[in-house]
């Protein structure tokens, strides 16, 4: 099983979620994170002192899927839906998950997804 | 070494933590996430417009343990403590961790846990 | 490719980020988490009832790098910059990432980092 | 009746500039601003004080219970409450507890009518804000588990069956039972605070504890809001106590002074108690001390001097502290935001202490044993009697109101899921903050 | 002119203690506190009411638009607004709409001058707070997309070209067009609420909708702040309506009473409408009902009785509810925080309803068909006329002001990125909260 | 003494309705509401203004320092402060700086006593709220690193050793040094703002900077709260400045007007300065300008006209802006929330500017060179002298108070861990918000 972790721009979450659901992926977990990268943050002002906000709000989406094929599909869909073409669009990471348990039913692995 | 990632209902955190500690697992990292899945969110009202809150608050627990045995125990304990039997109880994912460092002491891997 | 996950004390974030950037690592994702471990939390008071805050605010840093060497460097740098020598300094975990996609450009793997 | 008293006072105190049946612009200004100040206390002061102390999932519900209570209770007051409280009943027996329905919808009152030296309409509005805050206080005890519908019905019934008759008995003028007995309650120690606080306890016991209480830590959403609420309540209280002199006169000035002293002393007391006992002085403690002091001085504000204000504030704070920290644990009831612990106990203390600390000054006192013969012990017995009668009426009335309201709304308590998810989400469809 | 009226009233009502040309300390106290109360309404009440309803990324910008509007508009008022509104023009024709520049920078006014029974300076400051809140109301319609610079320019121009002449027409005394016609607007139903609300709509249409509207859910930052804002507005409104009696007199007392009744009734109405239609009574709904009631009773506060206050509050709430929930959807304009839906509609209703509910009481009424001959239909026609004229002036004036301001600041709308990231960040360099 | 002056004024101004030794209900109403307004400024206005600007880990501590300062300082005022400030010393030499202990615990004052035309108790309570806010202002400079216990001791000692004698010198009536010299300080430019602001700086220097200052970005918890605090301060300031006329009279009316003008002008000025210099007008800037304007006009509010108010507000804002943005950096002290930068500098400016902008009007002025002989330069020298003497007293007194308090509480500064984790957690055991 594979885990897809995508870091995207917050305002793209809705689009990405819709695209994934349309493609049949029905479970995901998202969290608010802050990203540091090439994208320049805006600057804030406090009592005349300007400081750059280097960490920019991003959304992390985590999806566990049962096989490589689904993983590829998911990566593709997210990549398309999250793209604006401007710096800071984010990244998608894929890694391996060894086992899964659905707490409610005790189903495991592929059944649990 | 293994990493256990569990997505659970927020109000179960206390029970899960207690059960883990009782079983000798003394370190964990938790974060607030939002989950999308079969569980239906509630609806919110704004100026008469009703919209469904699709992302439901969940808690993610991450635990790194030194071997498969501990991993199995942890999964079992969490699975039991977090269960309500209702949709949305969440999932537990297990993956492999290659190395660990305890920052304070520079101990590594199993010693660091 | 490797993923480094570090759990550190929040007030060390600035130092760690600076050290990483100096070493040429230019992308990272951070999030606010709460840690449970040996470090004792402070106690809060409400209407005379004292309760210990067991989950202590921590920062999680995630960095994906293209090879083992970079991973070692990153772990070393973080380990040094985040150290205070007091309980609760945190841990660093390393795992494998199979593929990476930069959303903006569709570059993959090492190119995407 | 307090109304009468201010007129009577004019005879004793030549420094008061007013004469009967003539509008005095200074008194009118003071009573109008006092009305606005007491209004502010409920939808801003109390709502924030309570809202900040609730768990984040119930903050808006708490606010809605307080703000909703105000608007409903005020209408009830205009429709019939005022008539019951301050109307005059033809039957002398009924007049003891019940002013009748002669002024329903303010029938018979013209905008040019005066109450002493200021418009009668201002008096009615001023009193209406008292009616509204009293029931709103009670909400603090049942937060986090009562249906909003049940609460709204309680507000209606309670205003008619409990608040209005009690007000009549204490402040309803000649022929009213406790008024005739000579009870001293300057601005509502019995009528408002004991009454609202005890109603809270009764409701809390009838509806039962919040699930998880007292095991689960129920953390306040934000004490910052509670502190702001306390500050606004303090501000508004100058209208509450100062306005209860019914004019911009020396008695109002005295009330302003004693209110500030007692409140400050109570806040310092609570802070020190926490510091000595728990090693940590909390902001919630300072805010709670402020409220305890304000409540304690309420029945006494226009009767006591500087020393009395200190004593009432300090002891009132100790008693409320004890109620909040100890009593609640001993008996195990879930008085969620301590309406009983603070309002009932400090109000009770203030009502009784008035007998001992009231200045023996003819120009200040209302008719009663102390004024007539300097009989403090006799006055204390009257105070005891008024406390007992008000307490009993509240107790019985609130139980009746609860059961009717519960029956009308299909049970008073929200279902488990609602309690668990929070009332904000399930009842109101709102969340306290959206990032 | 309202000024005159209070003096005139002294002749009819012997219960009023003042005499011409003599300072009355009670009236002065009341007018000063009323000024402070109305001040509070803008940088605290309205700013919180609006700020809480905006998305988190625009909260500080919303606050700055309201608070900034106040300080700029008040200066504009002192510099020339007052003169245009309350000055006296030598040309009788011009005097219909324009008081001239005789009192620019308050020239010719001494600190010892009186306005009836209290200092002229207090009258000017009091009226200045009205000028400021009116334009601030309009900001609610264009939140989240207008440049701060454009807004500041609008505030300046609008105060001179729209607010001041309208105020002159309605309240500018003998020779002023609508004043002479006998329009009844006690505290600003046309001058303030219709005017500000319609200006909001015009600006909203001219600048266009927020990107994503109405598809995207635009969640309010925190209804808690909105509720506090509503409570502070209510509190301040006693100065707004009560102070519009220009003295601590029986008319002020009547306004205090009708304001409280209409507001409570409107809040309960909105709550019940939501409950029946959407199954959930929201805190935002209660708060909105409060504002709707306050707005609706404003033009009528010192003219109607208890029954009239109930009717005006209840119907005003229904109408504003309809404006906010339905009308906006039907026409598709983005009246972001419902300045038009609530202020214009409830203000319009109140202005017209005054003709029907005003008490036929010589001591209360201002000159006009109702007072002169008990002609309600005639009065209604005058009210209609005043509504039409004020509406037209606002419409045309606001369009002109918008285009000038837009031209001066290189376009009225922020760029896409700013709108997307939030105006707090890009315009002010601030974030609403830092953990 | 200001007390006297209001009585004196009655002789000059026949428009004032009061006569000696007779309670005037309008003046009494005004002074009571002014007292309530000034009270509100501390535990709500200043506490929010400061709380919002602190880092999230110190918000509740900041609030507790301000609210705690109020309650302690008020009690100190009643116990001995009032006596020192407004008592009369038998020794003419001591009377220059010290009113003696004759009125300790308000001994000798009856509730029927008057201060001019309103109750003496109201005067004492009103002045007590000034004593309390003055020391609370100073807390802004030392936030985030001072022990709560040290602070509480400072509040007690400072109220007696610094505030009360300074008040005596300036406002203590005949025989008091600066009063006799003819210093003009209408509502506390020297007594309150310079005094509190300078005390803040002294404490900030003695206790040292926050760790990490000025390198680390110390972000404000929420400017939203700061803006609300500024609005509440503004509202309360009508009591502060208007109440300093000690009656509802034309001077109070003048103060209401000048206060609103100067504040609006200062806010606009600060906004424009930021806009031109930093390209971004911040909400914090608007709020800071409001406070700067309020402070600057305080000593002048009842003495100047429209033009003077504009000038004092605008320049006061420029000076405070310079203090906050530049001076702090140049000298490197950590005046955390700019108590010195805003209160001292704008207060100093206002005190000096009063000499130049005061209207040469016998009915307004207090005794002094300007009134006696139209000698502005002489008046300026008196103002300079009063600024120098108050400054020196504050400086020396605050140093002494600091060292005593520090010694009594085992060092004034919290330990490193507490500073690092935040004072909320370690000192009060509370967190600003619980999700």
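Each chain carries a letter (A, B, C, D, E and F) given by its place in the written order, and its residues are counted from 1.
Methods note: a contact is a pair of C-beta atoms (placed from the backbone, for glycine too) under 8 Å apart; a residue touches a chain by one contact, two chains touch by 3 or more.
Please read these numbers as outputs of a predicted model, since none were measured by experiment.
Chemist: Treat each pair of touching chains as one step and give the shortest count from subunit C to subunit E.
Modeler: Graph distance in the chain contact network comes out at 2.
Chemist: Show me the overlap between the contact partners of subunit A and those of subunit D.
Modeler: B, C, E, F
Chemist: By label order, what chains touch subunit C and subunit D together?
Modeler: Both-contact set = B, F.
Chemist: Mind checking the centre-to-centre distance between subunit E and subunit F? Centres are C-alpha means, answer in whole Å.
Modeler: Here the centre of subunit F sits 33 Å away from the centre of subunit E.
Chemist: Quick one: subunit B and subunit F, Cα centre-to-centre, how many Å?
Modeler: About 53 Å, centre to centre.
Chemist: Taking each residue of subunit B in turn, which ones touch at least two of the other chains?
Modeler: Residues 31-32, 44-45, 50, 95-96 of subunit B touch two or more partner chains.
Chemist: List, in ascending order, every residue of subunit D touching at least 2 other chains.
Modeler: 24-27, 29-30, 33, 219-220, 248, 278, 280, 282, 284, 428-430, 435
Chemist: Check the chains against each other and report every pair that touches.
Modeler: In this structure, the chains touch in these pairs: A-B, A-C, A-E, A-F, B-C, B-D, B-E, C-D, C-F, D-E, D-F, E-F.
Chemist: Mind pulling up the subunit B residues that touch subunit A in the complex?
Modeler: Counting only subunit B, the residues touching subunit A are 2, 6-8, 31-38, 54-55, 58, 60, 75, 78-79, 82-96.
Chemist: For the complex, which residues does subunit C have touching subunit F?
Modeler: 11, 14, 42-45, 50
Chemist: Considering only the defined contacts, which subunit B positions touch subunit C in the complex?
Modeler: Checking each residue of subunit B against subunit C gives 3, 17, 26-31, 64, 95-104, 106, 112-113.
Chemist: In the complex of these two chains, what residues of subunit B are touching subunit E?
Modeler: 44-51
Chemist: Where on subunit D is subunit F touching in the complex?
Modeler: Spelled out, the residues of subunit D in touch with subunit F are 13, 15-18, 24-27, 29-30, 33, 37, 55-56, 219-224, 227-228, 230-232, 234-235, 238-239, 242, 247-254, 256-257, 260-261, 263-265, 267-268, 271, 278, 280-284, 286-287, 289-290, 305-307, 359, 361, 363-364.
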